[in-house]
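One chain, subunit A, links the two complexes that follow: it is found with subunit B in the first and with subunit C in the second.
What follows is the complex of A and B.
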């Protein structure tokens, strides 16, 4: 008797599972996420990409899901590590498209990995709103991959922002005319230095020191000593995360304390402010956000509550915004049909945590933050190509 | 060279297997195709690696250097208006030249010195490319072509056929014989009048040229080429692991390692995306402790046991 009961229960359970299976599947949107968890870009991915994937999924599901033509659909994230290897990114996106049959796929992390996987997004018709792809070939890329969008801007704008900020400081009589410029000898550092040189000269600055150092250099004292000996009014380093920290440290040791001190990637990381504390005050860096805006403050609080870490003051918010755009497009199109969602993205403007987004003729967001500055423990945007909320840059007063 | 009956058998069998492999895209399954490309790529790299390292026992970690060189050759070539097909032989020549230079400088080294040098080589070439970019102010390169994954797959298969034919021909030639003697005892080889440096350099050139061509073929797939991606040291390690896992004693040995490893890697990447590095470490341990001669060793000792049992029966 007891055994029969047990069988009955098992049978009922089987039937119930069989019934609920397909129903549950229909109410869930499968969203693919591919990014580096190992390899050279794993550090950046852990600050900027993965926490935002987690936060966005959490936000969406807490609100009851995405509204698809009247049906609320929860999102389920399928994560893959691409090992910072384009071959693996391609395979993972391919796997998401054909094996997991993901409804949508979030754009990967990093310029090279985004571009490598663009043909796969294109082949399966997935819209691709990139958040961390910086390229000067956006026109070519968007021509070849019409579903590819760009949020973070380009090197020319980032370099131009620095020149503008320094020009304003000079015109205000805060700094003089001489600039010491160094760059990390790797893709992005080279591109920025190349873009900055003519712009500095056109703005009437004199580059009194111009040098580069290899990627992964541990001892940055020759670079900093060379810059200090040129006695510049402004120091500009087109640097990567490890050397951004190294240069700042070395500048304090060597007593390089110009009125304008700029380091590029990772200056906007919360860990930069945490490490240098009061000494970070007045340091300029790549990126920036409208840090005093309610949208960012609210986002930062949720980011910390859900993921346990603070967002960075540059690409974090655009990464989240790119997911928001996808979400709004699905709701706007009222369907999970990829072509309809892609069309909705192309034809509409979006309101995100970084403000309104409109696309230019190359599917690119033309208004992005270029320079920020640590002011009172927060990295505030001081220059952009048309965003609201910039504060005035202030001269740096030593390292104390 | 006279062909025996068993030679014809193996050539026919290989041709049939290749023809079957070439039909993979006809299934229309793009996911299978992307795995197929990975297998074909590593099969060519591991086999050409084993052509040199198998008989000589010189462990080369320079695959990434040649691969990256090929990638850059195609990227720079296409940017300067060259036809894609022209860049492949150029890459092969550059790969062979680099291998010859390296060989002249280092093949007198042996053991761990050679391993470390080849690992450093990939880094050296990468730094030179980066320096070139820094001086010229040019960053990542874009390879925008109309070449699809199917084309890349078929190209790799053709290259695989060429590598197997080359390996087979070398195995039967005086060069192959010389290399086997070098592998057993280099001193003896030299005393027998074999020009050991020449033999090793020739083989290293074949291996380097092949890896360079593979890099060329993969460039249109990556589209965006930058030094960190093209010269990744991980590639060199994976090639060595797969080749050793299969076994370098036979021409088909590396393939027997590449296929299960790639499929396992794929399964791990799909199910436990955070554990791929662990798999790599475990494979190392398995090779060292359980499979010192790879799957080839396992298969052949299995065969021998079968034969012995038959003899007793």
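What follows is the complex of A and C.
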């Protein structure tokens, strides 16, 4: 499943002919993109990853290309579908490195696929700026793979954001002390539930219902009924896209309407707001952006104009920002030499659409959004580990 | 009580998922691995008609059914009949059909990706609570379960009370002998296959009102359908219904009283037990 970005190629050819070819052998930068177009993560990839690859290539080529030491180079995207299969991700990265001889490769989509392919990026010396890898093993990973960078944060921070928001709501007298927590029995859900459990207890919350369900469960009503029967003040679900929708719908049906209702991945998707409409108001979810900021508004408008779809309110902008970092590093280093670009990334701060990025000792962006909330049809960031623009969380008032 | 009703509702969903495959595998003798893709396509049709024109998914089923019937008829006649003709044994046909429909599944996923994109198609339809015997259930699930009863009941009556239905059952038992008594095996096999495709697509349209699908979720439904069909007994409508309900009730029972995390384990334990003690399935005929 290989598809070259025709637009990029066409644009590159036009420029190449315009310059009538006295340039050095290579006028285009080959950029590899590996991600799921099929398989369990395809839905998330189609919202968050692929449109941003398209938008970034479009933006770069529209501006005349990337400035590599005085030469403007257009980008040509080479796409591979990894079928949400780590083995395929590894094969695709290998093929990009050896057969396509890609100059750079964009980090894949999803925590597992990033971790799986990190050794291959490392072996061929490609810098890897991840945009959708959430893990508490960042210190370990960046130790093993010095060219691996993280934009989206860690599980402890993500869970901690939720605990903080609920603590603030409790201290304001908006909710009580009991939390019902469920998680999808998959790497992401398990890691977050385990990170959240001690933090809830340390903050003085009582977990009155704690349960997991298998990935792909077709009926979530026993889960929601169990949570409802424990009569919680807050409901927290470490969920994946299909179950985020399923849990929300089932909560409406079963009359589970706590003052704080949190679902994780996909709550920030535009399709969540579109599907639940006014009922989504007040729902808390993983992620968030400075939705009222000009940088995001401008980005969202271009995203919709170029790809025909709205960006999500979490990882979309960081995905684009990770491509920006690569671009700025190539321009800053003034060369396509992978080692020089990797060194430039390590030693510099970057200014992106999600704001300034500085790396901590683990090559991780320490300031990231953790919790957002649907307010007035927009999913706004309500908690972060140091980003500007958070709004106050409000209690949810039923599903009407 | 609410466990029983929730379980029956889930069982209805499972019956919708599995009934089409039972017709295709049991009656037309084609192990169709692209079955789940037709379910997703049916779901997408419902999504598209609902978001584009506010057409109720229940009405959409009347558009989806003939379309899926025609398409599956074509697939059978063009792709699968040559396999049936040249197959020397049932085993060979099974292997050939699995390989062919495996490829067909990939092609279908690719076509759906190209047509609809990889995004989730999710919408709200009848997501209202309805009260049955003191507890609330999703109206869309109840509707789908009622539709499952109608579809399965209709199929059962058709297979047992009409001449065409009985002929198809005869083919399911023994295609060679069926020809000897003057049954048009190629024609009726195509009919059974096409009907199975139509039932699956209608099931998909109904299921999409409460499950979030995307272009590549089909394989999940194919697997579930296969488990249910084998548990119930290949080629037996009653078996599929009983197995679907049994699975639904068991999963709900485990999820409510023990732990939702154990539903898959319980389902496969049941599957293993049935395979151990009744390898031909609950209602299957023992092969000699």
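Please note the rule applied: the second predicted complex is superposed on the first by the 375 of 400 C-alpha atoms of A that agree within 3 Å, B and C clash if a C-alpha of one lies under 4 Å from a C-alpha of the other, contacts with A are read in each partner's own complex, and residues count from 1 in each chain.
As a convention for this text, a contact is a pair of C-beta atoms (placed from the backbone, for glycine too) under 8 Å apart; a residue touches a chain by one contact, two chains touch by 3 or more.
Keep in mind the model is a prediction, meaning the values are calculated, not measured.
May I ask you to decide whether A:353 touches subunit B, subunit C, both, or neither, giving the answer as first, second, both or neither?
neither
With the two complexes superposed on chain A, say which partner A:286 touches: subunit B (first), subunit C (second), both, or neither.
It touches nothing on subunit B or subunit C.
Kindly classify A:234 by the partners it touches after superposition: subunit B alone (first), subunit C alone (second), both, or neither?
neither
On the A-aligned overlay, A:212 touches which partner chain: subunit B = first, subunit C = second, or both, or neither?
Touch status of A:212: both partners.
Looking at the overlay, what does A:187 touch: subunit B (first), subunit C (second), both, or neither?
first
Which partner chains sit in contact with A:276 here, subunit B, subunit C, both or neither? Use first/second/both/neither.
A:276 sits against subunit C, while subunit B stays out of touch.
Which partner chains sit in contact with A:382 here, subunit B, subunit C, both or neither? Use first/second/both/neither.
neither
Touch check for A:37: first (subunit B), second (subunit C), both, or neither?
Both: A:37 reaches subunit B and subunit C.
Applying the document's definition of touch, where does A:249 land relative to subunit B and subunit C: first, second, both, or neither?
Second partner only.
Using the superposition on chain A as set up above, list the residues of subunit A that contact both subunit B and subunit C.
In subunit A, residues 37-40, 185, 212, 214 are touched by subunit B and also by subunit C.
Going by the contact rule set out above, which residues of subunit B touch subunit A in the complex?
Where subunit B meets subunit A, its residues are 29-31, 34-35, 38, 41, 127, 130-131, 133-134, 137-140, 142, 144, 218, 221-224, 226-229, 232, 234, 266, 269-270, 273-274, 276-277.
Which residues, counting only subunit C, touch subunit A once they are in their complex?
Residues 2, 6, 9-10, 13-14, 109, 113, 117-120, 122-124, 127-129, 136-138, 141, 210-217, 220, 224, 248, 251-252, 255-256, 259-261, 263-264.
Which subunit A residues qualify as touching subunit B in the complex?
That would be residues 37-40, 79-81, 83-88, 90-92, 94-95, 97-99, 111-112, 115-116, 118-119, 123, 137, 140-141, 144, 183, 185-188, 190-191, 193-194, 212, 214-215 of subunit A.
Residues of subunit A touching subunit C in their complex?
Per the stated touch rule, the residues are 36-40, 42-43, 45-47, 50, 182, 185, 211-214, 216-219, 221-223, 225-226, 241-242, 245-246, 249-250, 252-255, 266, 269, 271, 275-276, 309.
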